[in-house]
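Each remark here refers to the structure printed beneath this line.
Letters A, B, C and D mark the chains in the order given here, with residues in each chain numbered from 1 onward.
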């Protein structure tokens, strides 16, 4: 199958390339980058020398070849994928968007949190949380790949809500991410001397992944869910850990918690580690998400933790997993590699 | 005044030395270390060459000189300071213990969480949270220097409870620390290759700083307080950030929160930064603790954050601050230095 | 083919497993570890959960199955592979030793630098620098996998000596490595708080990789070569950079240097980057070695730099490359993956 | 005495402030920043809250007050201090320039390497290597504070040349620095995700500190000295280590080397550690420079290493040390603090 990537010069674009390099069914057709047209990708990313030496083309050239392309990945700032999605509606080409543009079934939430008009409503886009939305993903034309924090947060909380073990009004998610989540743009908050030996929170009470988590959980369970979400920045490149808290319902036991997570028993990329804390490093470079959980009997709270590599299961890896589902390949195709440790 | 340090070869001992080096009123008398007797400290810590070249003595020799010593600092694993405290009761020498042995007015809590018999009950020890316990500290004979996490946690929550703005049953503290909090012992969990580019939780639901936070808040407000506390390990050497959550009481406004923190207006080492997130790096090497707070109007929760250097305000700096209070020096004496940034 | 690993619980053993997981022709038979018998490897390395869940067996059990094993990798401290090599001489099983035991054709050099008697002389072992010793490797029974520093150092200097462009008496190699080179043992020099934000040299004038570099270059060119070699420790987990200096011979030009490196033109894993500095991160997780070179016209010196991942091309990756050569697979088999960046 | 700083919003400016905060004789008069006029410094650097809350003024306003200012520090990109130096010639105000503008007694070297016309020739500026140029510094009107690499390089090599122990034609300096040496500007080469877990060389054969080292050594010994100098970037914020190599002259012994370094015996900020490698972390935050040296008897070379904090002894600390010398304070005044370890 033929694959093109729009916005291939960012970290998630480059990670897609790393993964697809070992996918047995994929041929890269075109890579586009707004600012790097005609430049060979290994000039921008010397680590790709001898792996990829494609020249970036214009987005127009890439789109002109849509009919020969099975799937286009977009790895763009929010707002830039909507016109592409609209355009592709008339073709048989599928779209996997790694940005936020298609994540909200209720587009007014998008418009409120992203402060942009949504110009492609009722697109029929599917939220691509691979393990929880499998059937819908199979038939998706436009696939909205989830954010990194939402993937970890939702996967760790879903079984508890599904089994009706927690009071959803008490959910608090405290999270932490490495710096690649902020991309390659030059900002003081990504400057080595500033980030090194530093730990801080950001986006407190207003991070845009908050409504994404609420939206999916609410639609899955047909109840309104409002959460408090606080992300932090860790001085490392890759990795996300979410620590979620909620009050358990009366009489809930540790056994109930253990049982609830068994719904993931047959999901290859979810590793259940019980009463242990996951560590981001155990997932680095891989598509695994590790989930651990604890019952705090003193306070009747559950503490549920999830770790993943924000560029893999939190972005490009899950995007390939979704592509596999959409094109009837086994989910693990091209993703069956070990974490890189240490 | 003459000062000795028992357990001077650990990180908090060495940090005491760094600070006391510029204290105008202090002369170091003896340093002891169980395993390094007769070795010059700059052989163990080459960064101290030309700063301190004292030879470690035995604990016995140090204690034999107690009568000529104004204050002894103990920087020891828990359980080891109790016999020293008992011994010093008969002298006029004051004790500042950087460990946990004297932190609990109800020693049964200590015995339960530390799984050790408390052999020096009713010692009259004072909990040394400098800004909140000033009057008691002035007259302390035995001073229990608070833990690093409790210092940050309590200072950020105290004003909210004092002003009756939050429901104390809903307090959750999510915290993160650099590696020096775990000391210089050799453990796999402190091994560079393992900790680097890694973020994980530890001690979930059972960390020993939990009862310390509860105990002080409970005794200050004469009500039972039970919290959920989750520490994480950050791949950096110094720094603690605590992120605390609680439900606000009906009708509480951001202005109420802002007003509550004004009780710290005249406390030099507390820097109030309002609706900003503190960052550990802004406090590194200094005795400052930075506190920020947010009102999450969507969920009626307050998010209160505090950052400090775990070896300074979280340990040795606060110990010197307490020494200053106990000996009638201005609190800032020897501590009036700028953070080391970047 | 069937593969076993002795000493599989160290970092190079685990990296072998990561790589072999995607090798299409390899089946893992046994893993042994002196101290972890009967423990499942994912208990020691949780990142391997669902990837490898083999239990460690005793070295004896592994060796008893030698006849059914095509190749045994040893990843052991020096001195421990000699008895294994002797034992396997009577079998058809091949040995790839990642340690130093078989690297010296003149065993007296080994005995002098490693202060150990060499108990398996004239073993016929082949030095496994894949790109420079291909023909001998093809027929090796015992393969001595090169050290990490020697791989980078030799590959960067060999073309210059081969083309007779430098005065070999003036070679100085200044090198730097991440911490995984020191393994997983607990030592103060691998303690996170000590290594973090630190840069230092070690083994100055007496590092054991010195004679390994000299030995190979000397035997390749039949002249005596004595070098100065200084390694440094970088606060990162993976990666080696070597910076080598030598006086050029009279009249040597940059074009001569450029031409000399063309001998690597058809070597897939060597990436020639001309007058650019290689960066360790560009090779991380991959089997590539990047080589750059400069002519310092002011001093008539060449500066030749090489970067690689010490656990891959510097150890386990080159070991698999050598296995491929020994068993007539294409060299890239199982190694054809992209670096992990960033 | 009254002190003003031009370019106070960069890392060396801020480090000057950290140090001067505890200098008993200094009062800060004005701070200027080209782009931050009227902004309070703690808004740019929140770590300075309660330490400095001065508003930046224009450079003009600062210079208008020159007559009331004892010394002005300039921490500016090269080329920007020359006009200031010229202007101050007519006043009694002294100038300490942390940039490169006044470092070359032969300005044509400056013009060649910095590609700028030198507009203030024959200024009488003194090169401020405190330990080696003490007498000249005492009477300096314009003080050129040395670069970070030159300070370490020169201090480690000077005794060997002075005692005539090495062949100066064979000097090679391999060096490494943390990221603060590159300042606070936003560049991809200072981006956290790019620098983290990375080690690379830069400026190979053409770094601008090369002629600075050559110039001082040549003028001190009245012989032409040409060196090869290669800097590297270490993923850490602070610290420089230089590793210098040279052939020893016939018959030179380790004892000769040891004796040579005794010329520093009474220099407080130079710590001689003999046959040990210095480590940057041992000097962090302090004005110490640690020097170790080795004789490689196999190759008749000396390996001389020096470590320092690039922002302290490599910049602002040495600037204050020079100020002390110029104004007849003891050299240690305000600089007598311990390294921050770990």
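Definition applied: a residue touches a chain if its C-beta (ideal position, glycine included) is under 8 Å from a C-beta of that chain, and two chains touch if they have at least 3 such contacts.
Computed from a predicted model, the values in this text were never measured in an experiment.
The minimum number of touch steps separating chain B from chain C is 1. Remark: rotation between chain A and chain C after Cα superposition is 180° (nearest 5).
Farthest chain from chain C (centres taken as the mean of C-alpha atoms): B. Our note on geometry: chain B versus chain D, Cα centroid distance of 36 Å, whole angstroms. Annotation: 39 Å between the Cα-based centres of chain C and chain D. Between chain A and chain D, the centres computed from C-alpha atoms are 46 Å apart.
Within chain D, the positions touching two or more other chains are listed as 11, 178, 180, 193-194, 196-197, 235-238, 279, 281, 284, 342.
Residues 11, 14, 17-18, 21-22, 45-52, 180, 196-197, 237-238, 268, 271, 273, 276, 279, 281-286, 288, 290, 336-342 of chain C are the ones that touch chain A when the two sit in their complex. If you check the complex, the residues on chain B that touch chain C are 11, 178-180, 184, 186-188, 190-197, 235-237. Residues 170, 172, 174, 176, 178, 193-194, 196-202, 204-205, 226-228, 230, 232, 234-239, 241, 243, 245, 277-281, 284, 294-299, 301, 303, 305, 307, 342 of chain B touch chain A in their complex.
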